[in-house]
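By letter and in written order, the chains are A, B, C and D; residue numbering begins at 1 in each of them.
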Amino acid sequence: DGPAIIYDLGGKFDKSFNESAFGGAQRWAEETGEEFAEFEITSDAQREQAIRRFAEAGNNPIVMAGFSWATPLSEAAGDYPDTKFVLIDMVVDAPNVRSVVFNEHEGSYLVGMMAAEASETDIVSFVGGMDIPLIRKFACGYAQGVMAANPDATVIANMTGTTPSAWNDPVKGSELTLSQISQGSDVVFAAAGGTGIGVLQTAADEGILSIGVDANQNYLHPGQVLTSMLKRVDNAVYESFVAGEGVEVGFNVMGVSNDGVGYALDEHNADLVSAEMQAMVDEAAAAMASGELMVHDYMSDETCPALEF
Amino acid sequence: MDKMPKWADVVLVPVVSLLLAAIISAIVFLAIGQNPWEALKLMAYGAVGTSDFLGYTLFYATNFIFTGLAVAVAFHASLFNIGGEGQVLLGGLGAAIVVLLVPWPHWTLALIAGGTAAALFGALWVVIPAYLQARRGSHIVITTIMFNFMASGLLVYMLAGPLKPEGQQQVASGLFPEASKLPSLNDIAEMFGSDMFGRSPVNISIFIAILACVAVWALIWHTRLGYQIRALGKSESAAKYAGISAVNITMITLLISGALAGMMAINNTMGINSPQLVDNAAGGAGFIGIAVALMGRNHPVGIVIAALLFGALYQGGAELAAATDVQVQIVIVIQALVIMFTGALDEMVRSPIEKLFLRFGRGTAVEE
Amino acid sequence: MDFFTIVQLGDASVRMAIPLLLACLAGLFSERAGIFDIGLEGKMLAAAFLSAAVSLASGNVWVGLLAGIGISITLSIIHGLASITFRGNQLISGVAINFFAAGLTVVIAQGWFAQGGRTPSLPKDARFNGLDFPGALTRVRDKMQASPGMQFYSEFVSGHSILVYLGLLTVPLSWWILYRTRFGLRLRAVGEAPEAVDTAGISVVRLRYSAVIIAGILCGIAGAYLSTAVQAGFTKDMTANRGFIALAALIFAKWRPWYALGACLLFGLFFAIDNRFQNIQLQVIWIMVLLVGSAAVMTVYALRREKIDVLVLGGLSVVLAAIALVTWFGTASGEGIGMIAALWETVKVPSQLIQSLPYLFVVIVLAGFVGKAIPPRAGGQPYVKER
Amino acid sequence: MSEIAPAIELVGISKAFGPVQANKDISIRVMPGTIHGIIGENGAGKSTLMSILYGFYKADAGEIFISGQKTVIPDSQAAIAAGIGMVFQHFKLVQNFSVLENVVLGAEDGALLRPSLAKARKQLKSLAEEYELNVDPDAIIQDIGVGMQQRVEILKALYRQADILILDEPTGVLTPAEADQLFRILGRLKEEGKTIILITHKLREIMDITDTVSVMRRGEMTSTVKTSETNPADLAERMVGRKVLLRVDKVPAQPKDVILEVKDLNITDEKGVHRLKGVSFNVRAGEILGIAGVSGNGQSELLEVLGGYEKATGEILLNGEAIDLTGAFSDGQSRRARGIAHVPEDRQHEGLIMDFTAAENTAFGYHHDPKYQRNRLLMDNAAIMKDAQEKMDRFDVRPPNPMLAAKNFSGGNQQKVVVAREIERDPDLLLVGQPTRGVDIGAIEFIHQQIVALRDAGKAILLVSVELDEIMGLSDRIAVMFDGQIMGERLPAETDEKELGLMMAGVTDGETA
């Protein structure tokens, strides 16, 4: 049978991570005219059942978006040696699993530089979703980028919560943004899934700039979203679907060098990004690609040189 | 006044209620553009169509037997324990702590220790609501709802902090040691060369659930405690006259109820294929227990039947959601309808049936 | 904490309190008439969904509001059927309505919008937006520089959606209806002694239906407020237990409108604190004082009572004391400092605890330590004349 | 047949509650300006009939004529409109409302409350003057006594300009003095041309005040006579359908040792009201001590304390040994273990679990008894069944089916189950509260015989009853309670109903002597 995709708890229309994955699958379906199977889980307890269900039904490959799939997948993968699994955001070492991870710190670094450049108060901020190492990785990369562009700047970082509901709490996102604004922030980066909707909305209402995440969110508030940190989950899904049953297994890193992460530039934010800002960011990106510039990855040692959590 | 024979009360009324719930569910399906008949077929297939599906149905039914019994025991004392959800979570916490902390050499020991801890933690989580109900008359319904919320907070705190292994991102405990894993029914079936339950997680907890049914049956109808529970449930003033302590019986009943809910953890936490404690582990089973108890008329036999039905609904509904564009929440809708018709609108179904029996003179003859 | 932060906190408390307040008053009318309603949550949720969906479709948020009220009334009438006409168990009916709404909103949202059980985001003109009073500053950055009076006016007084002002108005209105009108007198009577109302020649059934319908209207507004004023669209389970908190607030308020306002503002404050403050740091010494203090109070209380009180409250005291000690020792060893020095260290209060505060507070309120609340006498029981 | 139309005429009224036929084809006419009495045993259907007239229940069949006009009364609204007012057996007042609010409820003048209340306040004042019905309009109902509450009920009716006033057992809760006051008011109302229907069990009241009287039995109206043409014995006979033994057959008591000694018992309830004020008495083996009194004067509390489910201060000695009154052993279980059996006042809410089977009910309160246990864990349901069957046979409980739920037995048979259970324990002390309330005459005689038999077996018996006849007939010694105190003791042979009645009204020993 055809390929299948299983989304994580936020659901496929989270305007962010899952939606990006859905976009990749959709692109494949439109281009090939074929169909894919999909499933949205509603609780952690369903994960293993979801994997097994598609494996039993003969779907191949099966793509899973989100780090939480690692445990159930490592449990189930062995039972279906002929099925290929693709895991995004986490690594499972099994002969039939392709693991895709992103260098989010690199993309965050780039938008951090832009934030520092755009800020007039020299105070910028970050709203994370659930407080997990992955999101700290975003925050840490962002802070490093800010410091690189303006060593005098201050970064305020807040996490929405410690539970999965933190991905889906726009009201709280909005409150956190307000509090950051009253502390002087005038650029806010939301890496918080559905919560980010509230962050971007409030930033627009209050007349400060915001930065979207995962998918290109510039269109949400044209002229008020500075840029979006792109994490091309859609590409990862799309490529896996295209490769089909023959998808390559093993470890796969998507970074600035292979267009896995980056920043968004389109008609909605063209006026906000000066040529000089763009030049500076592109230069940094090139340096990263060439290995000249090493951005510290929070998850490598759970520390951050530029930010205290 | 017995206005109709017992069989009508325990069989006919629930069946008619169920039919009404089914009719409204069909209307819901039509409203969202699904053919109800097709949906029913899909759900039936999803519930028992393959050995995996059947296994999952039984797995969920096991959960619901525990929570159904929990609700039913409390109902016998006229107490509405709506806190099953939180008690299940706490049960999971107890089981996880015990199993992760001690390297049990064999699953039987892990089962005994984990089961005891699960029951204990489930019971502990109801101590304060029970005490407040018994002593201060604070309504058990609202306090247990509050404790559900606090339970999920506590669980997440534990899963995001103390119970989470280094470096793990998912909010979950580590995997339980291999030695403590409960044998699945398929492991047993395989010994006879069968693959009856596929790779589903249905495991020996189902036998514990059946044992629990027998124990509850004996407790309620064959022990002094059960006698006192029922007496208190039927008439508090009479219980007082008889010297039955409302405070003690209320406490004990709710503790038993909480323990039964907590014991669900051996199935959904220790019994699954990759045993670990995850966030939201109860998955609504605490609430489904209400429907199961109402439909099962608070009798263990009825509860087993209702649990099987709800297990099939839960599993079939998930399958329906995977195969079509319908959201899995349709199961919650059906469940709500069952609760409404068998619980709150009972009289609407019962009184016409009673009238029929009265009219045709089948009611038990009553002397003056 | 500077003045502006306090104003902001007050502002957020009011905003968070409004849905609670509306639901609480809904419960007040219903329970004053003798009908328990734990289905407030479900009614709000259904209203939140339908008002968002209809606002989106019609482009007019007032039409959306009406639709929300309509569906909420419909659910109220179902509750009425179960609990008034068919004299069923009101708690069970409420539970069923909550489930029904939780499931059906998602299922229908998926059927209509195919966005995973939510509505698309509402455009600005299909929402209730903040009303800016004349001369009020609208941006946080401007307000920060303004004088305290201006800050108060701009942040606290101005800038709320019309539903907030309406919501606040329902308090005096409810009071007036209950205590100054014939309808109110009868409504209060029917919750206390339906047989007195019946023999006075008034229809118990009609009165109780009116009460649950009023509850429906108020829940409808509360739901619409959530999805069209606080947020821009419906997301599943977006009421987030507000219906249950409202019930607790109702008990805390002893079934009185003005007290309800106070109770809801207090709970609103809890939400505001939770939303705004990420890291609440507390010195270990305060934790010790708080926990050990409550443990001591409970123990003293329990020792004067019976065995069961000693058992339960004593156990609880031990748990509290243990938590305090673990925090203390943990801080000392974690920081590698002496026990005394550790007392002045600050530790982060777990965010789950902050989030649980409203629920914890509800339990304490229900325990009656904040004053005894006597519910309407006939509450929860169907009115049965003939068996 | 007079020319004027009757104020009320009921024709062929029938009403069934499920399988119970409460009213069967009842017809009655009441002339204007008269007081019409209705008597009948408990459960005869009196309240039901009047509730139908008042629109509280709907009749299954029959017609109502008010002043000759055929009137349909689907609800109380219609009854009020037809000029009918009713004071129910159980008052229908909102406890936390003021007197004024209760009077106004349902008779408001407009949508706003203030004008209605102001008007009612004025009107209430004039009504109070006119009929000597003084009440404080701002008093809260739960703070005033039953006598006052009854006045409020009457005021409610008068405020609604009722021409026809129905009173359902108005004197059951009144002291004789309060009852006299009530009858004066009724006389006044009658003079004004109002029609009054009075339901009562007390034949003396019927004889004193009514013009005509109807007798009901088992849902039927058996006869209607002019009061002047009948007498109490005749009425009693009409009521039960045969000659009534107004005396209980028994031999003189042979009192022996003191079994129960009560010293200075006091109870203060949570509202701070003194329910018992220094009660002391004793009961000897082989005698029946009867406690008389209007209900609500502490008798119930006394039984509850002795039965172990109410706490009190003071001292109780059983066979010379103290009984724990406040601690862990002051519960029904320990009292039973000490040999105290208790037939409670309210069999439906205390003595029985209506949903339990008769068998389960015969073990009720004695479920710890070893003979009902199979082993340490399980109860022996078969033994309970066998025991129940024997008891039911011995006490002639009908139907003799231990599997039937208690609610399916008639009141008398329910009471027999309770009495059987308690008497068969062979207790040292038997507490009996209202043993024949709502029990038919045959069962009354049987139950009385059982109590006397237990006495003759040398047991101590404490009897509480509001029926003076029962007290006079059964007791070997009579104590009268009023306002939580024992007013004095009398021997039945040396007293009469008049003296006891005075004592029940609070007139002290000295004054009567």
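Just so we're on the same page, contacts are C-beta pairs under 8 Å (C-beta built on N, C-alpha and C of every residue); 3 or more make two chains touch, one makes a residue touch a chain.
Keep in mind that what you see is a predicted model, and the values were worked out from it rather than measured.
Per-pair tallies of C-beta contacts place B-C first. Taking each chain's centre as the average of its CA atoms, chain A and chain C sit 34 Å apart. Remark: chain C and chain D have CA centroids separated by 46 Å (rounded to whole angstrom).
A straight line joining the Cα centres of chain A and chain D is 78 Å long.
Counting only residues that touch two or more partner chains, chain A has 162-163.
Listed for chain C are residues 116-117, 352, 355, 387, each touching two or more other chains.
Along chain B, residues 1, 156-157, 329 each make contact with two or more other chains. Working note: touching chain pairs come out as A-B, A-C, B-C, B-D, C-D.
Only residues 179-186, 188-189, 192-193, 195-203, 306-307, 377, 385-387 of chain C touch chain D when the two sit together in their complex. Residues 18-20, 307-309, 331-336, 342, 344, 346, 349-356, 360, 363-365, 367-368, 373, 377-379, 381, 398-399, 405, 407-408, 410 of chain D are the ones touching chain B in the complex. Residues 38, 78, 81-83, 85-93, 95-100, 102-104, 106-108, 110-111, 114, 116-117, 236, 241, 244, 247-248, 251, 308-309, 312-313, 315-316, 350, 352-353, 355-356, 359-360, 362-363, 366-368, 387 of chain C are the ones touching chain B in the complex.
Across the complex, chain C is touched by residues 17-18, 54-57, 75-81, 86, 88, 92-97, 101-102, 104-108, 110-114, 116, 156, 328 of chain D. Contact residues of chain A toward chain C in the complex are 11-13, 40, 158-159, 161-163, 168, 170-172, 175-176, 178-179, 181-182, 186, 194, 197-198, 201, 206-208.
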